[in-house]
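Same chain, two partners: subunit A is paired with subunit B first, then with subunit C.
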Partner chain A sequence: MADSDGTSSQREDRVLAYSALLPSVLILLLLVALPAATVVNFSVREVQLGESDNAFVGLDNFAWALRAEQFWSALVNTLIWVFGSVGLEMVIGLGVALLLNRSFVGRGVARAIVFAPYLIPTVVAVLVWRYMFHDVVGILNFFLMKIGVIDAPLNWLNSPRMAMLSVIVVGVWKFFPFVVLAILGVLQSIPQEQYEAAKIDGANGWQMFWRITLPYVMPIFLLTALLRTIWTFHKFDIIYLLTGGGPVGATTTLPVLVYQKAFADFEMGRASALAIITAAILAVLLGVYFFLNKRAEARQ
Partner chain B sequence: MSAAEPNGSGYVVRIAQLNELSQKMTYALLVLVACTVVGFPLFWMVISSFKSVGEFYITPPGFLPAEWTLQNYRALFAQTSFGTYFVNSLIVALGATFLSLIVGGLGAYSLSRFRYRSIAIFAKITLLSYMLPEVLIVIPLYVYIVKLGMADTLASLVVSNMAFTLPLTLWYMRAYFNAIPVTLEESAMVDGCTRLQALRRVVLPLALPGLISTGVFAFNHAWNEFLFALVFTSSERNKVLTLGLATWIGQDNIYSWGMLLAAAVMVTLPVLVFYLLVQRQLVVGLAGGSTKGE
Partner chain C sequence: MASLELRNIHKFFQEQHSVDDVNLSVADGELLVLLGPSGCGKSTLMRIIAGLETPTSGDVLIGGKVTTHLRPKDRNVAMVFQSYALYPHLTLYENIAFPLRVRGVKDKLVAEKVKWAAQLVDIERLLDRKPRQTSGGERQRTALARSLVRDPAVFLLDEPLSNLDAKMRNSAREELRDFQKRVNITWVHVTHDQTEAMGLGDRIVVMDRGSVRQIGTPEEIYLRPADTFVATFVGTPPMNLVPMDSHTLGFRPENFLHRAFFGNEPDVLDVPFRLSRIEYLGNERLLYGVTADPLPEAKVVARIPSTLPLQLEEGRVEGFGVRRSDLHWFDKATSRAIAAPAGALHG
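And now, the complex of A and B:
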């Protein structure tokens, strides 16, 4: 750091730098690093709460996981949940961002409405949707029957086939505004002259979207998709609160399974192994993403 | 669209105007549909919270309340521990936010101003902490909390929430500090201030909007947090809103829908208030730094 004084002030700087950062380092060591290391330790042991001696079992917990039907079913559910939700969020988010990009009367109100689902607590979102999904008092069944789409009330949350769909619907509703926000930021920075010049050259709306808008938006679009994938992969509360992982495990994703193993079955060793496998799967997905990204950049 | 033909050009211009009008109307329709679909659940939640208990079980369900009533809200505060939950959530969220802003604010200043390699490495590591799922760190945290005798305390929630609010604060505030030119502190130091004094008198006032925005994000995260509350607390007097509400949802034969919806409205209010206060800075902050969502 450029300094008009001599070395003594540099030493003061160093002291200040490290001491200002020290509390953060300590707290994160305690709350993140230490637990992470502990999970790794737990995963190779049979962990009983209250006992001080946790027997070392090597890779038994991991072997159990890879043979357990619960694990594979949870993995499939997780992939459906993640790609279903994120896919819809990205498409709908892009569409709504394009809609909100032009200024019109009441745009502020429209924006507030669109962002609202993202701001409310997950528990509130779940409550409202459970109310709407309800087979007796729910408005959705009533409405769909009224307009003739269905003849009998749908069992949104309690039928194995519909449950995952319902969970995805709520997830997309809750989180798509994040995509809108991210993409809108980019859209608003695209210089208007590009569109005007294109219009003069005779381009229609569709061509302008493909040639101008999309290239501008693509980097943020991909980054947002990546972030949404990571966060959706790890999501616990929205699924747990909507269906508890049921019916019969139809919506049990990996995070829900980890929770159940740890706090319902009290098998913390196995839960830890599952958690590590979950993190590893995500790491693989990310690795694929970065690899493809580098290939695409190298081509340019 | 040349104006060569006297009658023809008028005709062509009118077609073009009709075209533009129909485009505008389609656009408006799309916006309307989007807002209706997205906004309906919340609208429905608020409207229904004012319905009297009997109205919930009549079919077909009425759209507007036949009779607007506050009985659900009154029952909420009179018959349940909702007030306790609300206070607990406030304590946890304010506590975690306050601590994170102080610790994280200081740390972020260091990350921004001092570019030693060790510090840069730490910055990258904090990013990694976002990649770990909650369900992973909740397991060992639970074991430690039980061993320390801190099970079923609000303190355990204040501290554990910092696992997420602290990296969030470090990351955001670093971006905000980066936007404040170092020259301001340097000229203050030339005038005789120590670095700490320069920080307090020059930088802090400028960083205040950033601190407020970051504080709101941190508060929001802690207010909405569920898993830690579920695992670490259990007694009625220590429950926070998310856990309390979640427990009630599973017992919807005991708690009437009206009351549940009134509770939902009450839980949402602080968040909406904060959002209205900070909304302008939301978009600005997003353009400047990175983002963390829920």
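And now, the complex of A and C:
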């Protein structure tokens, strides 16, 4: 009797558990699995928006992508965008974290100010930056000319060379606080006694940074860099809102290209193939992330 | 090797007087223990010696030279921290080598020195491990080796045994003492553990609220405490204190014995003792109760070996006593030790 009671109450538990999970599962299916399946389906067909005759074309869309000059230039743009932004974010983030870890008057205020860009909505931030970048009324040109760095106004967003730089500047400004946050957390967890022991043992400031701080920070530094790489890789809003991918494709990264193919050229099939290639690159990066993460956890 | 001297050291943190006019000298090769409750200023004093804190006033002399404003690395002191402060990302070998590496010592000499230091503390076979792969005792020995490898003039140890379990602590104490004898270095040892202090120290400095209460050998501290703080801080259970008219009378629990024990001895103060509780601790019994005439009523403890065949019952009044030579007298106002007042208790 007791046995069958046990099993029936276990069964009830299981039913309850599954019914609690059901809404989330449904939402996931609807919002992730279904679109993903649709993309996979589209990627092997020639899909024209508004037409119902979606002919199966095999891997033609992928073959097109790998031959298309557009794809390769978007890939190069993506790499410049990703490594430019993440590289600067990491260097600036580490530097600012080290500064904010020192004790000085007004540190609390300084920390709050540093984190502000991360909290401002992207649309708002981009609108403000566009205004600042403006070649005639923008404050950037005004300021740079005032201090004599440039003689004539720069065409920040409309020259192919400057546009990528401008986009990276905004990206770095918006996301370096994330790096500061991650690294500051580690810096604050380093026991003060480690530095005191090193001081007594004769280490100077540089040696303490090199032999104590950096080894402590390194695992998180690498993980953060990788995480930022993944997020920057599929970043869309900043670039699209600032330049729309232009001028002349100078800031068209893979996500922007996917969007253009799908909603400007209405070539859903090719857009889907591009999206899948992008996702594949990201999957590799994610794999590295989980590998590093596991190793960092094992080390603790 | 060098002597160490502190002259009129004061340290204020904001308004708080955490070290109050400390004067002491440590002879070359001596092991001096700073003993006191937490917050008594002993760790601050050690940090001042190391150069991690600057005294508000006063001087630190190492080997006769004023080092008060020298940087830690220029004082040639070594310090073992309570947490050992080993670098988790380095092997024990590299941890021990650290002080040499930052001074740019050549690899070959580093290897020699590390091997020598590791041998002294018996951790040669662990040198490839990281700190997290070793036990608390092994970490402590690594920290010792690290502080040893550059031949410091003064050795500072901040509660080095407090992270070990009680059993380990006994053997580690013995090892430390043995180690100090071999290296024969001037050694300042901070602890709040009186057993550690008594067992290790050539001399003990008892501190309370920033100032030195007494400096002396373990025997002096125990047998002739300078004031009621020292009398009650050192010894378990602490010395019994009985408030008299203008003095405080003190006697240790182990000197408070059943009258039968003294036989016909003269010069014994008889004290009736009303037992309220008996604690059996295996090797000894602690008897809690209240004194009676000729002493005022006061709660006291007696400590007697379990081997004494005494029939004792809670609630009964027993005839107890103390040798007059084991009585301690303290001034009620200053709490300092004084000579036995004339005519007190007909003694």
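Keep this in mind: the second predicted complex is superposed on the first by the 267 of 300 C-alpha atoms of A that agree within 3 Å, B and C clash if a C-alpha of one lies under 4 Å from a C-alpha of the other, contacts with A are read in each partner's own complex, and residues count from 1 in each chain.
In this text, a residue touches a chain if its C-beta (ideal position, glycine included) is under 8 Å from a C-beta of that chain, and two chains touch if they have at least 3 such contacts.
Please read these numbers as outputs of a predicted model, since none were measured by experiment.
Put simply, more of the residues of subunit A are touched by B, taking subunit B and subunit C as the two choices.
Of the two partner chains placed by the overlay, only subunit C lies in contact with A:E196; subunit B stays clear of it. Of the two partner chains placed by superposition, A:S73 touches none, neither subunit B nor subunit C. Legend: residue contacts after superposition of the two complexes on their common chain; A:N155 is shown touching neither subunit B nor subunit C. By the touch criterion defined above, A:Y216 lies against subunit C but remains apart from subunit B after alignment on the C-alpha atoms of chain A. Once the two complexes are laid over each other on the shared chain, residue contacts for A:Q207 go to subunit C alone; subunit B is not touched. Look at A:G185: by the touch rule set out above, it reaches subunit B but stays clear of subunit C.
With both structures placed on the common chain, the touch criterion links A:V124 to subunit B but leaves subunit C unconnected.
Within the complex, the subunit A residues that touch subunit B are 1-4, 12-14, 16-18, 20-21, 23-25, 27-28, 31-32, 34-36, 38-39, 42, 47, 49, 96, 99-100, 102, 104, 109-110, 112-132, 136-137, 139, 142, 146, 173, 175, 178, 181-182, 185, 189, 227-228, 230-231, 233-234, 236-237, 241, 255, 258-259, 262-263, 268, 271-272, 275-276, 278-279, 282. Those residues of subunit A lying in contact with subunit C across their complex are 191, 193-194, 196-204, 207, 211-212, 215-216. Those residues of subunit C lying in contact with subunit A across their complex are 50-52, 71-73, 77-79, 81-83, 85, 87, 89-90, 98-99, 101-103, 146, 150. Against subunit A, in their complex, subunit B makes its touches with residues 27-28, 30-31, 34-35, 38-39, 41-42, 44-45, 48, 56-57, 59-61, 103-104, 106-107, 109-111, 113-116, 119, 122, 125-126, 129-144, 146, 159-160, 162-163, 166-167, 170, 182, 186, 189-190, 194-196, 220, 223-224, 226-227, 231, 241-242, 245-246, 249, 252, 257, 260-261, 263-264, 267-268, 271-272, 275, 279, 282-283, 286-287, 291, 293-294.
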